[in-house]
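To keep things clear, I will list the structure first and then write my remarks on it.
Just so it is clear, A, B, C and D label the chains in written order, and each chain counts residues from 1 on its own.
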Amino acid sequence: MSDVTVTAREARHALTDIAYYPGCSLHGTSREFDESLRAVAAELGIGITEIRDWSCCGASSGHTTDHLLGVALPARNLALAEAQGYDTVLAPCAACYNRLSAARLAIATEDGLAERIPDVIGRGFGNTVQVRNAVELLRDAAVTVEEKAAASLTPNPLEGVKLAAYYGCLLVRPAEVCGYDDPEQPTSMDEVISACGADAVDWNMKVECCGGAFSVTRTSSVVRLGRAIIDDARAHGAEAIVVACPLCHSNLDLRQKAMVARGEEPLPILFVTQVVGLAVGLTPESLGLERHFVDTEPLIARLVEQAGARDAEERRVKQEAAAKAAERAARQKKGSS
Amino acid sequence: MTSERRRTLAGEILEATGINAATCYQCGKCSAGCPMASESALRPHAIMRLVMQDRRERALTDESIWLCLTCETCSARCPNDCDPARVIDAVRELSIETGVADIPRTISAFHKAFLEQIRSNGRLHEFGMVMDYKLRSGELMKDVTSAPGMLTRGKLSFRAERIEAVDEIKRIFEKCGVTP
Amino acid sequence: MSDFEPRITAFVCNWCTYTGADLAGTSRLHMASNVRIIRLPCTGRIDPLFIVKAFERGADGVIVSGCHPADCHYTSGNYHARRRFAVFHDIMEFIGVDPRRMTFSWVSASEGAKWRDVVDEAVTNVRALGSFEAYRALAPVEDRKA
Amino acid sequence: MSRIGVFICHCGENIARTVDVEAVAEALKDHPGVAFATGYKYMCSDPGQTLVRQAIAEHDLTGVVVAACSPHMHERTFRRACDQAGLNKYMCEMANIREHCSWIHEDRGEATEKAIDIARTIVEKVKHNQPLESIRIPVTKRALVIGGGIAGIQAALDIADGGHEVILVEKEASIGGHMSQLSETFPTLDCSQCILTPRMVEAYQHPNITLHTWSEVESVDGYIGNFTVKIRKKARSVNEDLCNGCGDCQAACPAKKIPSEFEAGLGKRTAISVPFPQAVPNIPVLDRQNCTLFKGRRKGLAKDACGKCKEACLKGAIDYDAEDTFVEKQVGAIVVAVGFKLYDIGREQPEGLKGYGEYGYGEVPDVIDGLQFERLASASGPTAGAILRPSDGTEPKTVVFVHCVGSRDPEKGIKYCSKICCMYNAKHAMLYKHKVHDGRAVAFYMDIRAAGKGYDEFSRRAIEEDGAEYVRGRVSRIFRDGDKVRVWGYDTLNGEQVVIDADMVVLATAMRPQDGVRELAQKLSVSTDEHGFINEAHPKLRPVETNTAGVFVAGACQAPRDIPESVAMASASAAKVMSLFSADELEREPAVAIVNENTCIGCMRCELVCPYGAIEQREICTVDGQVCGHVAYVNPGVCQGCGTCQAVCLSKSVELQTFTDEQVYSEINALCAWE
């Protein structure tokens, strides 16, 4: 199993020259995930190149309809990456990550599948590329993130901000497919959040489901499940929920409108890449924060204010010090004359 | 032996997934954690039981199998490695194959619309998908309020992204015998 | 050939099959009288040459039976026997002994009825195969009597 | 030329009905090497045996074949008869013409013919029998009992009361084992301490029992009746002869915040301490890991950082420089009773198990295991018997008990059923309800397994009389929600999800083999099963013996066991040990393998297949004492006579006495008398 699932240790190697599989959502409803990822990658010196002519992974529609289709569609993209000379694919969308990894596992373990796939997708395929998600990648780059955060214009802008890391299903389950983190009590995203200088709150809904693909088809379910998650995060003092999945994002972000309408306090939903971006001092615009339904302005404002306050404080301390020094100098003058 | 099995539902599931439904000892841990349990008539352990008892009719035609979110919570916590999520996948496939599926219109419409997008563009064109879905499902007015927001936020675009090798994708669909 | 009665030699272990055969007796289970038992401590003791010898001396069939796997009185003797006979089986076929003349089975001390079945089945099979003439062609193995 | 007598038994009608005994006698008379053949009505009767004895004398017989029943029936009888007549008893064999002939055939002709064959075959074998002496092994009438839990104590007491010396080795500071941690015991709810403590004291004071606590078995050599065991007495830092158990050292010790193992982490102890007040012996152990002085020494401080216990000890019993010492003893038998441990289901699992992230054990303070609940419920426990939850010391009003945590769970735990959990869960629910009358006890179970005297009645009582709510279904998740512990379960009987906001959750975690049992098994050359439990010699007929003669097993180190079973096994092993000790020497059939050193090529394949490790390499020397190679040597004391070695010997250099190649081949040859 371990040869098909990417363990963090394996992943430690080269963070450059990675094949980037954005997936449909990052080209559409979640383009801010794409934007923020590219911006952060550039900032952290992670080299990513989009796979040429990639196609959809089939998402849940693929494998709920037909097992083979659910394997073949991801396989085509892995084959492309292979052909284009990569050994690692970055799939930031948790759904894509899950489908790609699941396909890898199926092909490696199910009888005859490895032989059958090349014919189905009409391409040679050795099942050699590893699949990794954005959280994993950023966890491995945590040290760099810390340094950058400390070195940014207003050092550690996220200091004291309480964030709830939400993994949902597809990042951690099934364990044999994902396996880069603990399926019941994962820590990778929390590590990234702490690396950003923010506080990762300890809460209960980290790995509960948000309603996934039912966003449009059974909105009622999605709202029910989403509320449980948002309420628990808020109850544990979170100022925002951090996600790494376009589905989770739209389910939690878009569907909050209903609650807001009922006059409830909205809770911003941020992509993990946006959090890192803010930490290392990138502008909200460059991270597409304005694209969310739940307004992130208040949060940003709070950060700016906090930073401002800290600057002011520092300035005050400096001035006091200067004043004292001046006084001392003056006294000495008196004494000498 | 296999031909013997092929006749039973459990046998078919075994063939398709390698999972022996008889390994389920009905402890209910799957259903205890299922996020959709409150909305579906058949919970994971019940579906396992129906498979065990070869109650094809009940298992394949119930709406519940379409309410599975494939969140994998059941499989992740199953003490006996029965992988209910995978079994439910397989049951769904069977119900489509045998044409007895009573798929909630909205859900089948969604899957169909989704797959059609992929087949014809290689990628999902959400706007097109939503339009197609609305036509298939008849839920014309649903979410229209959020569409403008989507557009202004640049989350939806009218123009579909089409990959160069669309024919490759069409071929894959043919090979898998799937026509949305 | 109808009046042909096969002669079968059975090599059995003392703790399971021999005792199982005793049980068949105490339970008065009637069976064919063509089998002669040679008692050994364990199937692990059975040298494949015993079987060759039996055929060479005119046996039409051979039964080897011991404890079920994991039930061996000597913990692992029957495993060694099992491995040995897996190989031996093919060799016998190679030297021209129809493998159907050899029965390998597990009969525990509590399986008197099973022993009866093993015996009757072996007799029926070997009777069907007819007398084992080939042994006369086998190179005479020098008697081991000192 | 051998002169063999053949005695054919009618066994009343049993043989004579289908076998023409006289015909058999006639046929055998003329058989080469047969000096005398006769039939008789009851050969095993006294006149029958006399007939055999007389014939031996009159015809100067060199061998005897009794054609009668199974050797398992009367071989002993007739060998004794031969012995009395001065004929080596191993020259006597039985031809089984009853079980294997007269009883299973109807046709008189066939049966008679077969009986003749059988008799002849055995005659041919006897021709090659050798006069043998049975092997005599001296027995050291001293037993070693490993493990001082209830099983070990029971075994030790029974053997000691039987008048034999016992060495009882316990790796902890006190004997008593898990039972001393229990509050009350099912199904009678009598206090565990009250029934155990007297036995502990009895064992300690018994003149025949030498107790070594804080000690472990270092090595075991030898074989049944003649084991040499080496015991490591771990450095206690307290002189056992000087210490009077006053407890002043404990009072003086500044390191008071160490989690107590005995209290399952719910209480604290000092660095120098006795595990619990009723400990036997009442002599403390200095825990060097947590001792300020030794921490200092490890840091390399020039001066000792502490020394309060030594100052406090008026007997001068404390010795910081004490080191491990070794005791070597001869014993004739060994009883293994090392017991079990609980499956710690926390997320971190050293032994490849996955652990239960979803149950929050080790992360949510009010999620505890069964043993911890025992301590809460125990009058001698950290709460003096009050049920108070660990996090805030308040009385839990809703307690959830979860069955099968780790048990019957091949994915994250082990596949077997731990057997005692259903019962102690019922007990826990009862104890809780007895102590917290307005409390609510909910138990999530899969099946209730309460087979045992008064067991099912007991578990029913928990439900019917004490009002414990039993819900059939496993729990999916347990997590902290404010000051509650939320439990997500499912009621499979009425098909609903069940969410309970509990104040405390008790997990019935699985029973697993004690640490280090595999290593110990290796030292004793006994086998363990896939889980690490010690294998019994036969699951039905030899439940307390192991596959190594002279080593017996008792209690939960063999499989999950409750107290009555453990005690029963202990007494059974004790009985086995005492029957072993009943003679000064062990007599064993000389059915052992012997190596011909002149032809052995030293390939040692025999050593590989020997199930008993009875075969070792032995160097052979030239006349002038130069080592010139090695050959195999079979230790007759250890060899059990399976003959596997002989079957694999390339140079035919190893012979199993009583089943030699000669004997077997002549039997085979005899069968061609069919022609």
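We adopt the following convention: a contact is a pair of C-beta atoms (placed from the backbone, for glycine too) under 8 Å apart; a residue touches a chain by one contact, two chains touch by 3 or more.
Computed from a predicted model, the values in this text were never measured in an experiment.
Pairs A-D and A-B differ in how many C-beta pairs touch across them, and the larger number is found at A-B. The centroid of the Cα atoms in chain B and the matching centroid in chain C are 58 Å apart.
Once the centre of each chain is set as its mean CA position, chain A and chain B turn out to be 26 Å apart. In this assembly, the C-alpha centroid of chain B lies 53 Å from the C-alpha centroid of chain D. For chain A, residues touching at least two other chains, in rising order: 183-184. For chain D, residues touching at least two other chains, in rising order: 358.
An unclassified topology is adopted by the chain contact network, corresponding to no line, ring, star or complete arrangement. In this structure, the chains touch in the following pairs: A-B, A-D, B-D, C-D.
Those residues of chain B lying in contact with chain A across their complex are 16, 18, 35-36, 39, 67, 69-73, 75-76, 83, 85, 89-90, 92-93, 96, 104, 106-107, 109-111, 114-115, 117-118, 122-127, 130, 133, 137, 142-143, 146, 149-150, 153-157, 161, 163-165, 168-169, 171-173, 175-178. Of all residues in chain B, those touching chain D in their complex are 25-34, 37-38, 43, 45-46, 73, 77-81. Those residues of chain D whose C-beta lies close enough to touch chain A in the complex are 347, 356-358, 363, 479-482, 486.
Across the interface of their complex, chain D is touched by residues 182-185, 204, 235 of chain A.
Contacts from chain D toward chain B in the complex involve residues 358, 404, 408-413, 446, 472-477, 488-492, 495, 497-498.
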